[in-house]
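Would you mind keeping the following structure in view while I ask a few things?
Per-chain numbering from 1; labels A, B, C and D assigned in written order.
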Amino acid sequence: MTDIPYRNGLIIGAGPGISGSLTRLLRAAGIPVVVAARQVDRLAPLVEAGAVALPVDASDAGQVERLFAETEARIGAPEIVIYNASGRVRGPIAELDPAEVERAVAVSALGAFYTVQQAAKRMVPAGKGAILLTGATAGVKGFALSAPFAMGKFALRGLAQSAARELSPQGIHVAHVVVDGGVRAAHRPDPADRPDSTLDPDAVAQCYLDLLRQHRSAWSWEIEVRPWVEKF
Amino acid sequence: MTDIPYRNGLIIGAGPGISGSLTRLLRAAGIPVVVAARQVDRLAPLVEAGAVALPVDASDAGQVERLFAETEARIGAPEIVIYNASGRVRGPIAELDPAEVERAVAVSALGAFYTVQQAAKRMVPAGKGAILLTGATAGVKGFALSAPFAMGKFALRGLAQSAARELSPQGIHVAHVVVDGGVRAAHRPDPADRPDSTLDPDAVAQCYLDLLRQHRSAWSWEIEVRPWVEKF
Amino acid sequence: MTDIPYRNGLIIGAGPGISGSLTRLLRAAGIPVVVAARQVDRLAPLVEAGAVALPVDASDAGQVERLFAETEARIGAPEIVIYNASGRVRGPIAELDPAEVERAVAVSALGAFYTVQQAAKRMVPAGKGAILLTGATAGVKGFALSAPFAMGKFALRGLAQSAARELSPQGIHVAHVVVDGGVRAAHRPDPADRPDSTLDPDAVAQCYLDLLRQHRSAWSWEIEVRPWVEKF
Amino acid sequence: MTDIPYRNGLIIGAGPGISGSLTRLLRAAGIPVVVAARQVDRLAPLVEAGAVALPVDASDAGQVERLFAETEARIGAPEIVIYNASGRVRGPIAELDPAEVERAVAVSALGAFYTVQQAAKRMVPAGKGAILLTGATAGVKGFALSAPFAMGKFALRGLAQSAARELSPQGIHVAHVVVDGGVRAAHRPDPADRPDSTLDPDAVAQCYLDLLRQHRSAWSWEIEVRPWVEKF
């Protein structure tokens, strides 16, 4: 019925875009999915698509721990774990509010660590699992006026690479997806004269599925996706 | 019958490993394939799998030009073009034969350029096509005692990135696959106690297919594949 | 008397190694230096070398703010600011203490942000200054069993690149030094049969001085230093 | 009289810009210098500055070999070797002349290989020497419409990294300088409203000298230089 070699999934930092598409693709393959975010009401379309919605502030280690326990109670220990949350604050370095910078790094990077940790606690004993971390161009290029986002996304990439080196030989596939471009949304459609100039969330989700289907003899730890007309 | 959005394919530098798997996967999808290499006799299993075999020394611009013309005559202008050839000579820098170094760079990099050029001549007017270039870890890390391979594979990566920036907005998907690890073969099976510690050519070929299937709203220009237990 | 085009310096996260050498080189050039660290008693040799020592927990935004104010009162607004602090905790991801991970990232990355921010507040109006951030190999390669250090040092590198893009055109030289190897110390001398196999802190400090002396028409934002025999 | 720990130097691909500044700086330190280029007449100002000028087509292995022999006869085996030559042809991939592409790669990369090889033959037995290779942004980023330059400069970077890994532990300092920006020249002065927006060749040459002065306990294999206002 499905060739995805995992039993169930947990998506953290879920929203209507990439997470919505992932939920639909996984559900279509008959895979139970828990989606979690701070604002659970934003998850309504995902619940309609068949997901269980749970609240979490991913920047809080205790909440992430409880989310995994609750997920385990609902659908079993998740074999697919996807981290989509990110924090961002823009502006000249001299003018940023330190508390907001801390928050941005906590959401983009520390929350990913808590997530990878809870996933590893369950996947290492099982010798199986997949952890996908959603990165951004800011994780490979630090733009002006966006230092906190660069810090968080670079840290996420470092975590992903370190986790891949540690966990891959234990049977756990860790991958980092560099999402380069704006994701299409109802409020952000493509310009009429530039078709597919934004990322179709279904196309991005397909890339995640391709990763999930990879055989362990040929795993990728990083891939980027961008619209054909995106400058890079 | 197939969801690969291209009509036919040409694989250069073909051998029994990755190219063999690619041929079988493409043929299984009903896609006509020409395979080309210097030693055509090595292509016998690919011909059995349904490919047309043609001879080419990829380091010769004229031969590459004629190969494309002949391919066009046989199966039409190729919409998928894959370059797998590479040249390698190892040893201390002081002891290498300059002529062999030139040859290694010509096969790994110049041949790829001739190939991308011939592909571009046909794909740009059509506004459609995919060019996949087979790289190696040596293209992102220059190892000691292997300078010529590093030169060729770094050059290939530079070509791939430049071609992606130029051709993607014209509808042509250019991607560079970093193959990190040994490819499994009859003469190089996995050690019994290290299953899947080499790259299964079918698994690598699947990664190429995933790239071919990507929608233009979310193209990748680079991906690496390595066995789960490979150090990196 | 000196060709370093800056008036005074502040070194945060100072210890006897690289910071000690930097202090001596700057003092030898007649440049007033404030050194700051959590354990001020470790700074005694730097005070002997002519530095003013002040206490700071760099992971606390308020303390960093007060440190800059106090530094300004003592030697004027610092035109050279160097961040050497880093936090590290090692172990399998599943077994790490989240609080220690937070602390490690806070010291390696958030403290650097507070520092760059306080420096920028003073340097931007002046249109002059140099900010040097001490990185590690872990900032470009995430090693197994060292995820928190990778997160902190990757984040630092993202900050450095973003800050360089923002602040360089305002006359402020931002650079990231990738220190690759162990730093020689009284308790960690070179093996007798491997001379210069560790980083001489004076040689590292010389690299910082080279950066400080660079003319704005040819600034570097990143450089790495490693012993001649270090594997990389 | 000089703190440059090398006795003499050879600069290949020399012209009036960076090579001119290097010649003057080395000569000012009392170091004999041979400069070599295809068009020896362009070297007149360097001869005036005290260099010996010799002709070479760096893309010809035999000529490079003879250049080193002749240099050895004139000033002894060179302890500093600098490669500045590069080949470039621009245009859409489909329209480039293959022969010009081959020539560009031969000058940027193969010539550098011949040079590193001849240098290694002399430096390895001596256990001493420095090889500096002049790169470009095109060596780390492949731009559209500039595939041949990307190929040559990527290959050069691969050579530099491989050579550094091989030769550093034998006492030979190999470094790659990423020159990012236009070099100031009589015919290309700075715009009046953008001071130092081009690379001052003296400032670039100073960076090379900083590398030459590095102690083997803290060598760099790569550094980039760009004007303070250059976008990157």
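Just so we're on the same page, contacts are C-beta pairs under 8 Å (C-beta built on N, C-alpha and C of every residue); 3 or more make two chains touch, one makes a residue touch a chain.
All of these numbers come straight from a predicted model, not from anything done at the bench.
Counting steps between touching chains, the shortest path from subunit B to subunit C takes 2. Counting steps between touching chains, the shortest path from subunit A to subunit D takes 2.
A comparison of the A-C and A-B interfaces places the larger number of contacting C-beta pairs at A-C.
Across the assembly, the mean Cα position most removed from that of subunit A is the one of D. If you average the Cα atoms of subunit A and of subunit B, the two centres end up 31 Å apart.
For subunit C, residues touching at least two other chains, in rising order: 165.
Taken together, the touching pairs link the chains into one ring where each has two partners. Pairs of chains that satisfy the touch definition comprise A-B, A-C, B-D, C-D. Those residues of subunit B lying in contact with subunit D across their complex are 61, 92-94, 96, 98-99, 101-102, 105, 109-110, 113-114, 116-117, 120-121, 124, 138-139, 141-148, 150-167.
Within the complex formed with subunit A, the residues of subunit B that make contact are 165, 168-169, 171, 173, 184, 196-200, 202-204, 206-207, 210, 213-229, 232.
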